[in-house]
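Okay, got some structures for you below.
Okay, so subunit A shows up in both of these, paired with subunit B first and subunit C after.
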Partner chain A sequence: MRWMWIDRVIALEPGRRLVAVKNVSLAEEHLHDHFPADGRGAALPVMPASLIIEGMAQTAGILVGHAGRFAEKVILAKIGKAEIDRDAGPGMTLRYTATLERIDTLGASTTGVVELMDHAAPGTAFAEIGRIDMMFSHIDRNMAGTEFPEHNFVFSEGFRTLLRSSGIEAEF
Partner chain B sequence: MTRDEVFEKVKGVLVDALSVDEDDVTADARLTTDLGAESIDFLDIVFKLEQAFGFKIAQGELFPENVAQDPRYVKDGRVTPEGLATLRERLPHADFSRFEKDPQITKVAEVFTVDAVVNFVMKKLGAAGAAAAGAH
Partner chain C sequence: MRFDLVDAVLEISADRIVAVKQVTAAEEYLGDHFPGFPVLPGVMMIEAMVQAARRLLERREAGGRLVLGGVRGLKYGGMVRPGDALRVEVALAGEAGGVFEFKGAGTVVKPGGASAPDAGRNAVAGRFSLRPIRLGVG
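Presenting the complex of A and B:
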(Lines of atoms letter the chains of each structure in order from A and count residues from 1; the text may use other names and numbers.)
(Lines give C-alpha, C1' and ligand atoms only; values in the text may rest on other atoms or scores of the structure.)
Protein backbone atom coordinates (compact mmCIF):
# COMPACT_ATOMS: atom_id res chain seq x y z
CA MET A 1 0.00 0.00 0.00
CA ARG A 2 2.48 2.56 -1.13
CA TRP A 3 1.81 6.19 -0.45
CA MET A 4 -1.26 5.61 1.68
CA TRP A 5 -0.90 7.93 4.64
CA ILE A 6 -4.06 6.91 6.43
CA ASP A 7 -4.68 3.43 7.81
CA ARG A 8 -8.43 3.36 8.27
CA VAL A 9 -11.49 5.48 7.72
CA ILE A 10 -13.42 5.42 10.99
CA ALA A 11 -16.38 7.67 10.19
CA LEU A 12 -18.04 9.03 7.09
CA GLU A 13 -20.98 11.36 6.79
CA PRO A 14 -21.30 11.57 2.99
CA GLY A 15 -20.85 15.07 1.64
CA ARG A 16 -20.13 16.45 5.11
CA ARG A 17 -17.31 14.90 7.09
CA LEU A 18 -14.77 12.07 7.04
CA VAL A 19 -12.56 10.88 9.88
CA ALA A 20 -9.45 8.71 9.43
CA VAL A 21 -6.62 7.46 11.62
CA LYS A 22 -2.95 6.88 11.02
CA ASN A 23 -0.69 4.90 13.33
CA VAL A 24 2.86 6.19 13.21
CA SER A 25 5.30 3.27 13.18
CA LEU A 26 9.02 2.97 13.73
CA ALA A 27 9.00 0.47 10.85
CA GLU A 28 8.36 3.33 8.41
CA GLU A 29 11.67 3.88 6.73
CA HIS A 30 11.55 7.63 6.48
CA LEU A 31 11.48 7.95 10.25
CA HIS A 32 15.05 6.72 10.28
CA ASP A 33 16.11 9.62 8.12
CA HIS A 34 13.87 12.17 9.76
CA PHE A 35 15.94 12.83 11.79
CA PRO A 36 19.01 10.58 12.14
CA ALA A 37 21.60 10.91 14.87
CA ASP A 38 24.36 13.26 13.88
CA GLY A 39 27.14 15.19 15.50
CA ARG A 40 24.62 17.50 17.12
CA GLY A 41 22.58 14.89 18.94
CA ALA A 42 20.63 11.61 19.13
CA ALA A 43 18.11 10.46 16.50
CA LEU A 44 14.67 12.10 16.57
CA PRO A 45 12.24 9.93 14.60
CA VAL A 46 9.11 11.98 13.86
CA MET A 47 6.53 11.94 11.09
CA PRO A 48 7.39 14.70 8.60
CA ALA A 49 4.84 17.51 8.67
CA SER A 50 4.58 17.28 4.88
CA LEU A 51 3.26 13.72 5.26
CA ILE A 52 0.77 14.82 7.90
CA ILE A 53 -0.48 17.28 5.29
CA GLU A 54 -0.62 14.43 2.75
CA GLY A 55 -2.65 12.41 5.27
CA MET A 56 -5.17 15.23 5.45
CA ALA A 57 -5.15 15.52 1.65
CA GLN A 58 -6.10 11.84 1.39
CA THR A 59 -8.76 12.14 4.10
CA ALA A 60 -10.32 15.23 2.55
CA GLY A 61 -9.78 13.92 -0.99
CA ILE A 62 -11.80 10.77 -0.27
CA LEU A 63 -14.56 12.92 1.24
CA VAL A 64 -14.67 15.07 -1.91
CA GLY A 65 -14.39 12.05 -4.22
CA HIS A 66 -17.15 10.19 -2.37
CA ALA A 67 -19.45 13.23 -2.63
CA GLY A 68 -19.13 12.95 -6.42
CA ARG A 69 -19.39 9.13 -6.44
CA PHE A 70 -15.72 8.98 -7.48
CA ALA A 71 -16.61 10.11 -10.99
CA GLU A 72 -14.21 13.08 -10.80
CA LYS A 73 -10.43 13.11 -10.64
CA VAL A 74 -9.95 14.99 -7.40
CA ILE A 75 -6.57 16.70 -7.19
CA LEU A 76 -5.17 18.72 -4.31
CA ALA A 77 -4.79 22.20 -5.79
CA LYS A 78 -4.12 24.49 -2.86
CA ILE A 79 -3.25 24.38 0.82
CA GLY A 80 -4.90 27.49 2.20
CA LYS A 81 -3.60 26.92 5.72
CA ALA A 82 -1.47 24.33 7.49
CA GLU A 83 -0.64 24.75 11.15
CA ILE A 84 0.96 21.86 13.03
CA ASP A 85 1.83 22.52 16.65
CA ARG A 86 3.82 19.46 17.67
CA ASP A 87 5.62 16.37 16.40
CA ALA A 88 4.04 12.94 15.98
CA GLY A 89 6.42 10.16 16.96
CA PRO A 90 6.39 6.36 16.62
CA GLY A 91 3.68 4.59 18.60
CA MET A 92 1.37 7.60 18.46
CA THR A 93 -1.93 7.84 16.54
CA LEU A 94 -3.02 10.68 14.33
CA ARG A 95 -6.69 11.37 13.73
CA TYR A 96 -7.71 13.48 10.74
CA THR A 97 -11.17 15.04 10.53
CA ALA A 98 -11.99 16.68 7.21
CA THR A 99 -15.14 18.78 6.71
CA LEU A 100 -16.51 19.66 3.31
CA GLU A 101 -17.15 23.39 3.20
CA ARG A 102 -18.20 23.84 -0.41
CA ILE A 103 -18.31 21.74 -3.56
CA ASP A 104 -19.33 22.50 -7.13
CA THR A 105 -18.56 21.14 -10.56
CA LEU A 106 -15.07 22.73 -10.68
CA GLY A 107 -13.82 21.67 -7.28
CA ALA A 108 -14.24 21.78 -3.53
CA SER A 109 -12.92 23.38 -0.36
CA THR A 110 -12.37 21.59 2.94
CA THR A 111 -11.31 22.44 6.46
CA GLY A 112 -9.52 19.94 8.63
CA VAL A 113 -8.39 19.22 12.16
CA VAL A 114 -5.44 17.00 13.10
CA GLU A 115 -5.44 15.34 16.51
CA LEU A 116 -2.79 13.24 18.20
CA MET A 117 -3.03 10.49 20.76
CA ASP A 118 0.11 9.70 22.71
CA HIS A 119 -0.71 6.28 24.09
CA ALA A 120 1.86 6.69 26.88
CA ALA A 121 0.38 9.96 28.15
CA PRO A 122 -1.75 9.88 31.29
CA GLY A 123 -5.50 9.90 30.58
CA THR A 124 -4.86 8.96 26.97
CA ALA A 125 -7.04 11.03 24.66
CA PHE A 126 -6.85 12.76 21.30
CA ALA A 127 -5.68 16.36 21.50
CA GLU A 128 -5.77 18.85 18.65
CA ILE A 129 -2.35 19.53 17.16
CA GLY A 130 -3.15 21.07 13.80
CA ARG A 131 -5.50 22.70 11.34
CA ILE A 132 -5.28 22.25 7.57
CA ASP A 133 -7.54 23.90 4.97
CA MET A 134 -7.46 22.74 1.37
CA MET A 135 -8.85 23.28 -2.11
CA PHE A 136 -9.38 20.43 -4.54
CA SER A 137 -9.80 20.67 -8.28
CA HIS A 138 -11.86 18.41 -10.51
CA ILE A 139 -9.09 18.39 -13.10
CA ASP A 140 -11.14 17.26 -16.08
CA ARG A 141 -12.98 20.57 -15.75
CA ASN A 142 -9.90 22.77 -15.63
CA MET A 143 -10.19 26.24 -17.14
CA ALA A 144 -7.38 25.69 -19.66
CA GLY A 145 -9.26 22.76 -21.22
CA THR A 146 -6.26 20.40 -20.79
CA GLU A 147 -7.20 16.75 -21.32
CA PHE A 148 -6.17 13.91 -19.01
CA PRO A 149 -6.33 10.10 -19.35
CA GLU A 150 -9.87 8.78 -19.14
CA HIS A 151 -9.42 6.28 -16.30
CA ASN A 152 -9.54 7.64 -12.77
CA PHE A 153 -5.87 7.46 -11.83
CA VAL A 154 -6.51 9.33 -8.58
CA PHE A 155 -8.72 6.80 -6.86
CA SER A 156 -6.59 3.76 -7.50
CA GLU A 157 -6.50 0.28 -5.98
CA GLY A 158 -4.89 1.61 -2.80
CA PHE A 159 -7.90 3.78 -2.06
CA ARG A 160 -10.31 0.97 -2.96
CA THR A 161 -8.56 -1.37 -0.52
CA LEU A 162 -8.56 1.26 2.20
CA LEU A 163 -12.28 1.90 1.84
CA ARG A 164 -13.11 -1.81 1.64
CA SER A 165 -11.08 -2.62 4.76
CA SER A 166 -12.77 0.30 6.53
CA GLY A 167 -16.17 -1.20 5.77
CA ILE A 168 -17.20 1.55 3.36
CA GLU A 169 -18.99 0.53 0.23
CA ALA A 170 -17.77 2.44 -2.77
CA GLU A 171 -17.89 1.27 -6.33
CA PHE A 172 -15.53 3.02 -8.67
CA MET B 1 -23.78 48.10 2.70
CA THR B 2 -21.71 50.99 1.29
CA ARG B 3 -19.08 50.57 -1.40
CA ASP B 4 -16.34 51.21 1.18
CA GLU B 5 -17.72 48.49 3.44
CA VAL B 6 -17.90 46.06 0.51
CA PHE B 7 -14.33 46.99 -0.47
CA GLU B 8 -13.06 46.24 3.06
CA LYS B 9 -14.80 42.87 3.09
CA VAL B 10 -13.51 41.99 -0.40
CA LYS B 11 -10.03 43.01 0.76
CA GLY B 12 -10.33 40.57 3.68
CA VAL B 13 -11.32 37.77 1.30
CA LEU B 14 -8.36 38.48 -1.02
CA VAL B 15 -5.83 38.76 1.82
CA ASP B 16 -7.06 35.41 3.10
CA ALA B 17 -7.24 33.65 -0.29
CA LEU B 18 -4.02 35.01 -1.81
CA SER B 19 -1.86 35.57 1.30
CA VAL B 20 -1.08 39.14 0.26
CA ASP B 21 -0.56 42.25 2.39
CA GLU B 22 -3.59 44.45 2.96
CA ASP B 23 -1.70 47.39 1.45
CA ASP B 24 -1.32 45.54 -1.85
CA VAL B 25 -5.09 45.21 -2.25
CA THR B 26 -5.80 48.51 -3.97
CA ALA B 27 -8.84 49.20 -6.17
CA ASP B 28 -6.92 48.86 -9.44
CA ALA B 29 -4.74 45.88 -8.41
CA ARG B 30 -5.12 43.01 -10.87
CA LEU B 31 -5.79 39.64 -9.23
CA THR B 32 -3.31 37.77 -11.43
CA THR B 33 -0.48 40.14 -12.34
CA ASP B 34 -0.41 42.17 -9.13
CA LEU B 35 -1.75 39.78 -6.49
CA GLY B 36 -0.43 36.49 -7.89
CA ALA B 37 -3.76 34.65 -8.28
CA GLU B 38 -3.67 31.33 -10.16
CA SER B 39 -6.62 29.43 -11.60
CA ILE B 40 -7.55 27.54 -8.39
CA ASP B 41 -7.48 30.86 -6.50
CA PHE B 42 -10.43 32.06 -8.58
CA LEU B 43 -12.54 29.17 -7.27
CA ASP B 44 -11.28 29.86 -3.75
CA ILE B 45 -12.25 33.55 -4.09
CA VAL B 46 -15.73 32.58 -5.33
CA PHE B 47 -16.26 30.24 -2.35
CA LYS B 48 -14.96 32.83 0.13
CA LEU B 49 -17.10 35.63 -1.34
CA GLU B 50 -20.17 33.41 -1.01
CA GLN B 51 -19.34 32.82 2.63
CA ALA B 52 -18.53 36.46 3.37
CA PHE B 53 -21.62 37.94 1.70
CA GLY B 54 -24.13 35.12 2.01
CA PHE B 55 -25.06 34.77 -1.66
CA LYS B 56 -24.47 32.07 -4.25
CA ILE B 57 -22.33 32.67 -7.31
CA ALA B 58 -23.13 30.59 -10.36
CA GLN B 59 -20.36 29.03 -12.40
CA GLY B 60 -18.97 31.58 -14.85
CA GLU B 61 -20.85 34.46 -13.25
CA LEU B 62 -17.82 36.25 -11.78
CA PHE B 63 -15.03 34.85 -13.97
CA PRO B 64 -15.53 33.74 -17.59
CA GLU B 65 -15.71 30.20 -18.85
CA ASN B 66 -15.63 28.51 -22.22
CA VAL B 67 -14.36 31.61 -23.96
CA ALA B 68 -10.76 30.55 -24.58
CA GLN B 69 -11.89 27.22 -26.08
CA ASP B 70 -14.47 28.68 -28.45
CA PRO B 71 -13.09 29.31 -31.97
CA ARG B 72 -15.75 32.00 -32.55
CA TYR B 73 -14.33 34.04 -29.70
CA VAL B 74 -10.59 33.48 -30.07
CA LYS B 75 -8.57 33.56 -33.29
CA ASP B 76 -4.79 33.33 -33.46
CA GLY B 77 -4.51 33.89 -29.74
CA ARG B 78 -6.58 37.07 -29.82
CA VAL B 79 -10.14 37.65 -28.67
CA THR B 80 -12.38 38.46 -31.64
CA PRO B 81 -14.84 41.41 -31.60
CA GLU B 82 -17.62 38.84 -31.11
CA GLY B 83 -15.72 37.34 -28.20
CA LEU B 84 -15.19 40.76 -26.66
CA ALA B 85 -18.89 41.58 -26.96
CA THR B 86 -19.74 38.26 -25.28
CA LEU B 87 -17.29 38.90 -22.46
CA ARG B 88 -18.69 42.40 -21.91
CA GLU B 89 -22.21 41.05 -21.79
CA ARG B 90 -21.39 38.19 -19.42
CA LEU B 91 -19.09 40.20 -17.20
CA PRO B 92 -20.54 43.72 -16.90
CA HIS B 93 -18.57 44.26 -13.68
CA ALA B 94 -15.20 44.18 -15.49
CA ASP B 95 -13.61 47.05 -17.41
CA PHE B 96 -12.41 45.91 -20.84
CA SER B 97 -11.27 49.33 -22.14
CA ARG B 98 -7.54 48.63 -21.60
CA PHE B 99 -7.79 44.98 -22.70
CA GLU B 100 -9.49 45.77 -26.03
CA LYS B 101 -6.43 47.70 -27.23
CA ASP B 102 -4.42 44.47 -27.23
CA PRO B 103 -6.88 41.61 -26.75
CA GLN B 104 -4.48 38.69 -26.31
CA ILE B 105 -6.37 35.80 -24.69
CA THR B 106 -3.46 35.15 -22.31
CA LYS B 107 -4.06 38.60 -20.83
CA VAL B 108 -7.82 38.36 -20.39
CA ALA B 109 -7.52 37.61 -16.68
CA GLU B 110 -6.00 41.05 -16.20
CA VAL B 111 -9.46 42.63 -16.43
CA PHE B 112 -10.17 41.16 -13.01
CA THR B 113 -9.17 43.94 -10.71
CA VAL B 114 -10.19 44.38 -7.09
CA ASP B 115 -12.60 47.04 -8.35
CA ALA B 116 -14.24 44.51 -10.71
CA VAL B 117 -14.87 42.18 -7.77
CA VAL B 118 -16.31 45.06 -5.72
CA ASN B 119 -18.57 46.02 -8.69
CA PHE B 120 -19.74 42.42 -8.89
CA VAL B 121 -20.56 42.23 -5.18
CA MET B 122 -22.36 45.59 -5.21
CA LYS B 123 -24.50 44.37 -8.09
CA LYS B 124 -25.29 41.08 -6.37
CA LEU B 125 -26.20 42.84 -3.12
CA GLY B 126 -28.32 45.34 -5.04
CA ALA B 127 -30.20 42.54 -6.78
CA ALA B 128 -30.71 40.71 -3.48
CA GLY B 129 -31.91 43.93 -1.82
CA ALA B 130 -34.33 44.61 -4.67
CA ALA B 131 -35.67 41.04 -4.47
CA ALA B 132 -36.15 41.37 -0.70
CA ALA B 133 -37.92 44.74 -1.13
CA GLY B 134 -40.17 43.21 -3.76
CA ALA B 135 -41.14 40.44 -1.37
CA HIS B 136 -42.56 42.88 1.20
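Presenting the complex of A and C:
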Protein backbone atom coordinates (compact mmCIF):
# COMPACT_ATOMS: atom_id res chain seq x y z
CA MET A 1 0.00 0.00 0.00
CA ARG A 2 0.95 3.60 -0.48
CA TRP A 3 0.69 6.03 2.42
CA MET A 4 -1.82 8.60 1.18
CA TRP A 5 -5.00 8.55 3.27
CA ILE A 6 -6.81 11.52 1.79
CA ASP A 7 -7.73 11.89 -1.88
CA ARG A 8 -8.55 15.58 -2.17
CA VAL A 9 -8.58 18.74 -0.11
CA ILE A 10 -11.97 20.39 -0.62
CA ALA A 11 -11.63 23.48 1.61
CA LEU A 12 -8.82 25.35 3.30
CA GLU A 13 -9.08 28.35 5.59
CA PRO A 14 -5.37 28.93 6.33
CA GLY A 15 -4.48 28.67 10.01
CA ARG A 16 -8.05 27.70 10.90
CA ARG A 17 -9.67 24.75 9.14
CA LEU A 18 -9.04 22.14 6.45
CA VAL A 19 -11.54 19.70 4.93
CA ALA A 20 -10.51 16.61 2.94
CA VAL A 21 -12.21 13.52 1.54
CA LYS A 22 -11.18 9.87 1.22
CA ASN A 23 -12.97 7.39 -1.04
CA VAL A 24 -13.15 3.81 0.21
CA SER A 25 -12.75 1.29 -2.63
CA LEU A 26 -12.49 -2.47 -3.04
CA ALA A 27 -9.41 -1.73 -5.16
CA GLU A 28 -7.57 -1.15 -1.85
CA GLU A 29 -5.73 -4.33 -1.04
CA HIS A 30 -5.88 -4.13 2.73
CA LEU A 31 -9.70 -4.21 2.73
CA HIS A 32 -9.53 -7.83 1.58
CA ASP A 33 -7.69 -8.72 4.78
CA HIS A 34 -10.00 -6.66 6.98
CA PHE A 35 -12.00 -8.94 7.03
CA PRO A 36 -11.67 -11.99 4.74
CA ALA A 37 -14.19 -14.84 4.51
CA ASP A 38 -13.51 -17.30 7.32
CA GLY A 39 -15.25 -19.59 9.78
CA ARG A 40 -17.24 -16.62 11.09
CA GLY A 41 -18.85 -15.82 7.76
CA ALA A 42 -18.47 -14.10 4.41
CA ALA A 43 -15.83 -11.45 3.69
CA LEU A 44 -16.64 -8.10 5.31
CA PRO A 45 -14.43 -5.32 3.95
CA VAL A 46 -14.32 -2.24 6.21
CA MET A 47 -11.67 0.46 6.44
CA PRO A 48 -9.49 -0.08 9.52
CA ALA A 49 -10.14 2.71 12.03
CA SER A 50 -6.39 3.07 12.55
CA LEU A 51 -6.25 4.32 8.94
CA ILE A 52 -9.22 6.65 9.56
CA ILE A 53 -7.12 8.16 12.35
CA GLU A 54 -4.26 8.51 9.84
CA GLY A 55 -6.66 10.27 7.42
CA MET A 56 -7.36 12.82 10.13
CA ALA A 57 -3.64 13.06 10.95
CA GLN A 58 -2.89 13.90 7.30
CA THR A 59 -5.79 16.40 7.11
CA ALA A 60 -4.78 18.11 10.35
CA GLY A 61 -1.05 17.77 9.58
CA ILE A 62 -1.41 19.67 6.29
CA LEU A 63 -3.40 22.38 8.11
CA VAL A 64 -0.60 22.70 10.70
CA GLY A 65 2.16 22.54 8.07
CA HIS A 66 0.46 25.11 5.86
CA ALA A 67 0.08 27.50 8.83
CA GLY A 68 3.88 27.42 9.20
CA ARG A 69 4.57 27.69 5.44
CA PHE A 70 5.76 24.04 5.51
CA ALA A 71 9.00 25.06 7.21
CA GLU A 72 8.53 22.58 10.09
CA LYS A 73 8.51 18.78 10.08
CA VAL A 74 5.10 18.10 11.59
CA ILE A 75 4.79 14.71 13.34
CA LEU A 76 1.87 13.15 15.22
CA ALA A 77 2.80 13.22 18.92
CA LYS A 78 -0.40 12.41 20.80
CA ILE A 79 -3.99 11.32 20.27
CA GLY A 80 -5.91 12.83 23.15
CA LYS A 81 -9.15 11.22 22.08
CA ALA A 82 -10.45 9.34 19.06
CA GLU A 83 -13.97 7.96 18.80
CA ILE A 84 -15.18 6.20 15.67
CA ASP A 85 -18.71 4.90 16.01
CA ARG A 86 -19.49 3.56 12.52
CA ASP A 87 -17.51 1.69 9.87
CA ALA A 88 -16.71 2.72 6.30
CA GLY A 89 -17.05 0.15 3.53
CA PRO A 90 -16.45 0.16 -0.25
CA GLY A 91 -18.65 2.72 -2.04
CA MET A 92 -18.57 5.10 0.91
CA THR A 93 -16.72 8.40 1.29
CA LEU A 94 -15.11 9.78 4.43
CA ARG A 95 -14.90 13.51 5.05
CA TYR A 96 -12.39 14.88 7.54
CA THR A 97 -12.67 18.39 8.99
CA ALA A 98 -9.69 19.49 11.08
CA THR A 99 -9.68 22.68 13.14
CA LEU A 100 -6.50 24.28 14.44
CA GLU A 101 -6.87 25.01 18.17
CA ARG A 102 -3.32 26.12 19.02
CA ILE A 103 0.03 26.49 17.28
CA ASP A 104 3.41 27.65 18.58
CA THR A 105 7.09 26.98 17.88
CA LEU A 106 7.00 23.51 19.52
CA GLY A 107 3.88 22.16 17.85
CA ALA A 108 0.12 22.36 17.48
CA SER A 109 -3.21 20.96 18.69
CA THR A 110 -6.17 20.15 16.48
CA THR A 111 -9.72 18.92 16.86
CA GLY A 112 -11.43 16.96 14.14
CA VAL A 113 -14.76 15.61 12.94
CA VAL A 114 -15.13 12.48 10.78
CA GLU A 115 -18.19 12.14 8.57
CA LEU A 116 -19.36 9.31 6.34
CA MET A 117 -21.47 9.22 3.19
CA ASP A 118 -22.79 6.09 1.52
CA HIS A 119 -23.38 6.37 -2.23
CA ALA A 120 -25.95 3.58 -2.00
CA ALA A 121 -28.00 5.21 0.79
CA PRO A 122 -30.99 7.43 0.05
CA GLY A 123 -30.12 11.12 0.22
CA THR A 124 -26.35 10.45 0.15
CA ALA A 125 -25.65 13.01 2.86
CA PHE A 126 -22.59 13.09 5.13
CA ALA A 127 -23.31 12.12 8.74
CA GLU A 128 -20.91 12.47 11.67
CA ILE A 129 -19.37 9.17 12.78
CA GLY A 130 -16.48 10.28 14.95
CA ARG A 131 -14.23 12.85 16.56
CA ILE A 132 -10.43 12.86 16.77
CA ASP A 133 -8.30 15.30 18.79
CA MET A 134 -4.54 15.32 18.23
CA MET A 135 -1.28 17.00 19.08
CA PHE A 136 1.57 17.47 16.64
CA SER A 137 5.24 18.11 17.28
CA HIS A 138 7.64 20.22 15.24
CA ILE A 139 10.29 17.53 15.64
CA ASP A 140 13.40 19.56 14.90
CA ARG A 141 12.53 21.64 17.98
CA ASN A 142 11.59 18.77 20.28
CA MET A 143 13.69 15.66 19.84
CA ALA A 144 16.93 16.89 21.32
CA GLY A 145 19.96 14.91 20.27
CA THR A 146 18.16 13.22 17.41
CA GLU A 147 19.31 14.27 13.97
CA PHE A 148 16.91 14.30 11.09
CA PRO A 149 17.53 14.81 7.37
CA GLU A 150 17.48 18.46 6.40
CA HIS A 151 14.81 18.15 3.71
CA ASN A 152 11.21 18.27 4.89
CA PHE A 153 10.43 14.58 4.37
CA VAL A 154 6.99 15.00 5.97
CA PHE A 155 5.61 17.23 3.22
CA SER A 156 6.94 15.43 0.20
CA GLU A 157 5.95 15.09 -3.44
CA GLY A 158 2.79 13.13 -2.59
CA PHE A 159 1.35 16.02 -0.60
CA ARG A 160 2.47 18.56 -3.18
CA THR A 161 0.60 16.61 -5.84
CA LEU A 162 -2.44 16.36 -3.57
CA LEU A 163 -2.56 20.11 -2.96
CA ARG A 164 -1.88 20.94 -6.60
CA SER A 165 -4.63 18.61 -7.83
CA SER A 166 -6.97 20.12 -5.22
CA GLY A 167 -6.35 23.56 -6.73
CA ILE A 168 -4.51 24.88 -3.68
CA GLU A 169 -1.52 27.14 -4.18
CA ALA A 170 1.18 26.29 -1.68
CA GLU A 171 4.89 27.00 -1.61
CA PHE A 172 7.17 24.39 -0.10
CA MET B 1 0.18 -5.39 1.14
CA ARG B 2 -1.32 -7.89 3.52
CA PHE B 3 -2.82 -6.15 6.53
CA ASP B 4 -0.95 -8.25 9.10
CA LEU B 5 0.66 -6.21 11.86
CA VAL B 6 1.51 -9.09 14.20
CA ASP B 7 4.48 -11.24 13.16
CA ALA B 8 4.89 -13.28 16.33
CA VAL B 9 3.16 -13.82 19.65
CA LEU B 10 5.72 -14.06 22.46
CA GLU B 11 3.42 -14.48 25.45
CA ILE B 12 -0.30 -14.91 25.86
CA SER B 13 -2.53 -15.42 28.88
CA ALA B 14 -6.22 -14.82 29.60
CA ASP B 15 -5.91 -11.04 29.78
CA ARG B 16 -2.47 -10.10 28.44
CA ILE B 17 -0.53 -10.59 25.20
CA VAL B 18 2.98 -9.68 24.06
CA ALA B 19 3.54 -9.59 20.30
CA VAL B 20 6.09 -8.37 17.79
CA LYS B 21 5.75 -6.38 14.59
CA GLN B 22 8.90 -6.57 12.50
CA VAL B 23 9.66 -3.46 10.47
CA THR B 24 11.31 -4.05 7.11
CA ALA B 25 12.27 -1.84 4.17
CA ALA B 26 10.33 -4.29 1.96
CA GLU B 27 7.08 -2.71 3.21
CA GLU B 28 5.93 -0.40 0.45
CA TYR B 29 4.23 2.27 2.57
CA LEU B 30 7.52 3.05 4.33
CA GLY B 31 8.62 4.63 1.03
CA ASP B 32 5.96 7.29 1.57
CA HIS B 33 6.39 7.52 5.34
CA PHE B 34 8.71 9.16 4.86
CA PRO B 35 10.69 9.61 1.62
CA GLY B 36 14.34 9.31 2.65
CA PHE B 37 13.36 8.74 6.29
CA PRO B 38 11.39 5.49 6.69
CA VAL B 39 9.72 4.98 10.09
CA LEU B 40 6.73 2.90 11.18
CA PRO B 41 3.66 5.19 11.08
CA GLY B 42 2.18 5.83 14.53
CA VAL B 43 -1.23 4.52 13.49
CA MET B 44 0.39 1.23 12.44
CA MET B 45 1.58 0.93 16.06
CA ILE B 46 -2.08 1.28 17.06
CA GLU B 47 -3.05 -1.32 14.44
CA ALA B 48 -0.42 -3.75 15.80
CA MET B 49 -1.94 -3.34 19.27
CA VAL B 50 -5.47 -3.79 17.87
CA GLN B 51 -4.49 -7.00 16.08
CA ALA B 52 -2.75 -8.30 19.20
CA ALA B 53 -5.88 -7.49 21.23
CA ARG B 54 -8.00 -9.41 18.72
CA ARG B 55 -5.74 -12.45 19.15
CA LEU B 56 -6.21 -12.18 22.90
CA LEU B 57 -10.01 -12.11 22.54
CA GLU B 58 -9.97 -15.02 20.12
CA ARG B 59 -8.86 -17.18 23.02
CA ARG B 60 -12.05 -16.17 24.78
CA GLU B 61 -14.03 -16.78 21.57
CA ALA B 62 -15.03 -13.12 21.64
CA GLY B 63 -12.52 -11.93 19.06
CA GLY B 64 -12.83 -12.13 15.33
CA ARG B 65 -14.45 -9.13 13.79
CA LEU B 66 -14.24 -6.58 16.52
CA VAL B 67 -12.88 -3.23 15.31
CA LEU B 68 -11.15 -0.24 16.84
CA GLY B 69 -13.79 2.12 18.24
CA GLY B 70 -11.78 4.51 20.37
CA VAL B 71 -8.37 5.71 21.53
CA ARG B 72 -7.63 7.64 24.73
CA GLY B 73 -4.51 9.45 25.93
CA LEU B 74 -2.15 7.83 23.44
CA LYS B 75 1.39 9.22 23.36
CA TYR B 76 4.22 8.56 20.95
CA GLY B 77 7.91 8.34 21.84
CA GLY B 78 10.80 6.73 19.97
CA MET B 79 10.67 5.94 16.27
CA VAL B 80 10.80 2.42 14.82
CA ARG B 81 12.95 2.03 11.69
CA PRO B 82 13.53 -0.78 9.19
CA GLY B 83 15.64 -3.41 10.97
CA ASP B 84 13.97 -2.61 14.29
CA ALA B 85 10.89 -4.29 15.68
CA LEU B 86 8.00 -3.01 17.74
CA ARG B 87 7.25 -5.11 20.82
CA VAL B 88 3.65 -4.51 21.88
CA GLU B 89 2.15 -5.44 25.21
CA VAL B 90 -1.63 -5.30 25.46
CA ALA B 91 -3.73 -5.94 28.56
CA LEU B 92 -7.49 -6.31 28.79
CA ALA B 93 -8.76 -3.63 31.17
CA GLY B 94 -12.50 -4.27 31.09
CA GLU B 95 -15.61 -5.15 29.12
CA ALA B 96 -19.06 -3.60 29.00
CA GLY B 97 -21.86 -4.18 26.52
CA GLY B 98 -19.70 -5.97 23.98
CA VAL B 99 -17.03 -3.23 24.03
CA PHE B 100 -13.59 -4.30 25.24
CA GLU B 101 -11.17 -1.79 26.80
CA PHE B 102 -7.42 -2.29 26.58
CA LYS B 103 -4.24 -0.73 27.84
CA GLY B 104 -1.38 -0.97 25.36
CA ALA B 105 2.27 -0.04 25.05
CA GLY B 106 4.99 -0.57 22.48
CA THR B 107 8.75 -0.51 22.84
CA VAL B 108 11.57 -0.42 20.28
CA VAL B 109 13.57 -3.62 19.74
CA LYS B 110 16.97 -3.01 18.11
CA PRO B 111 18.91 -5.54 16.03
CA GLY B 112 21.94 -4.74 18.17
CA GLY B 113 20.19 -6.12 21.23
CA ALA B 114 19.19 -4.64 24.56
CA SER B 115 22.42 -2.64 24.93
CA ALA B 116 21.98 -0.79 21.60
CA PRO B 117 21.12 2.94 21.81
CA ASP B 118 17.34 3.46 21.96
CA ALA B 119 16.70 -0.26 22.65
CA GLY B 120 13.70 -0.65 24.93
CA ARG B 121 12.67 2.93 24.35
CA ASN B 122 8.98 3.60 24.63
CA ALA B 123 7.41 4.09 21.18
CA VAL B 124 3.71 4.27 22.06
CA ALA B 125 1.44 4.02 25.10
CA GLY B 126 -2.25 4.56 25.61
CA ARG B 127 -5.72 3.07 25.90
CA PHE B 128 -8.04 1.82 23.18
CA SER B 129 -11.28 -0.08 22.75
CA LEU B 130 -12.68 -2.68 20.37
CA ARG B 131 -16.37 -2.81 19.43
CA PRO B 132 -18.59 -4.80 17.04
CA ILE B 133 -18.74 -3.64 13.39
CA ARG B 134 -21.45 -1.11 12.51
CA LEU B 135 -21.30 -0.60 8.75
CA GLY B 136 -22.51 2.65 7.18
CA VAL B 137 -24.59 5.48 8.57
CA GLY B 138 -28.09 3.99 8.31
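The rule is short, and it goes like this: the second predicted complex is superposed on the first by the 169 of 172 C-alpha atoms of A that agree within 3 Å, B and C clash if a C-alpha of one lies under 4 Å from a C-alpha of the other, contacts with A are read in each partner's own complex, and residues count from 1 in each chain.
Here, a contact is a pair of C-beta atoms (placed from the backbone, for glycine too) under 8 Å apart; a residue touches a chain by one contact, two chains touch by 3 or more.
What you see is a predicted model, and the numbers here were worked out from it, not measured in a lab.
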item	value
A:M92 touches, of subunit B and subunit C: first, second, both or neither?	second
First, second, both or neither for A:S109, with subunit B first and subunit C second	first
Contacts of A:H151 with subunit B and subunit C, given as first, second, both or neither	second
Touched partner set for A:I79, first subunit B, second subunit C, both or neither	second
Contacts of A:I129 with subunit B and subunit C, given as first, second, both or neither	second
Contacts of A:H119 with subunit B and subunit C, given as first, second, both or neither	neither
Most subunit A residues touched (candidates subunit B, subunit C)	C
Touching partner for A:E101 - first (subunit B), second (subunit C), both, neither	first
Residues on subunit A lying within both footprints (that of subunit B and that of subunit C)	77-78, 80
Interfacial residue positions of subunit C with respect to subunit A in the complex	1-4, 28-37, 41-44, 46-47, 50, 64-65, 67-76, 126, 133-138
Contact set on subunit A toward subunit C in their complex	1-4, 29-30, 33-35, 38, 40, 44, 46, 48-51, 53-54, 57, 75-87, 89, 92, 116-118, 121, 127, 129, 148-149, 151, 153-154, 156-158
Residue ranges of subunit A touching subunit B (in the complex, touch as defined)	77-78, 80, 101-102, 104-107, 109, 135, 137, 142-145
Subunit B - residues contacting subunit A, complex	16-17, 39-44, 47, 50-51, 59, 65, 68-69
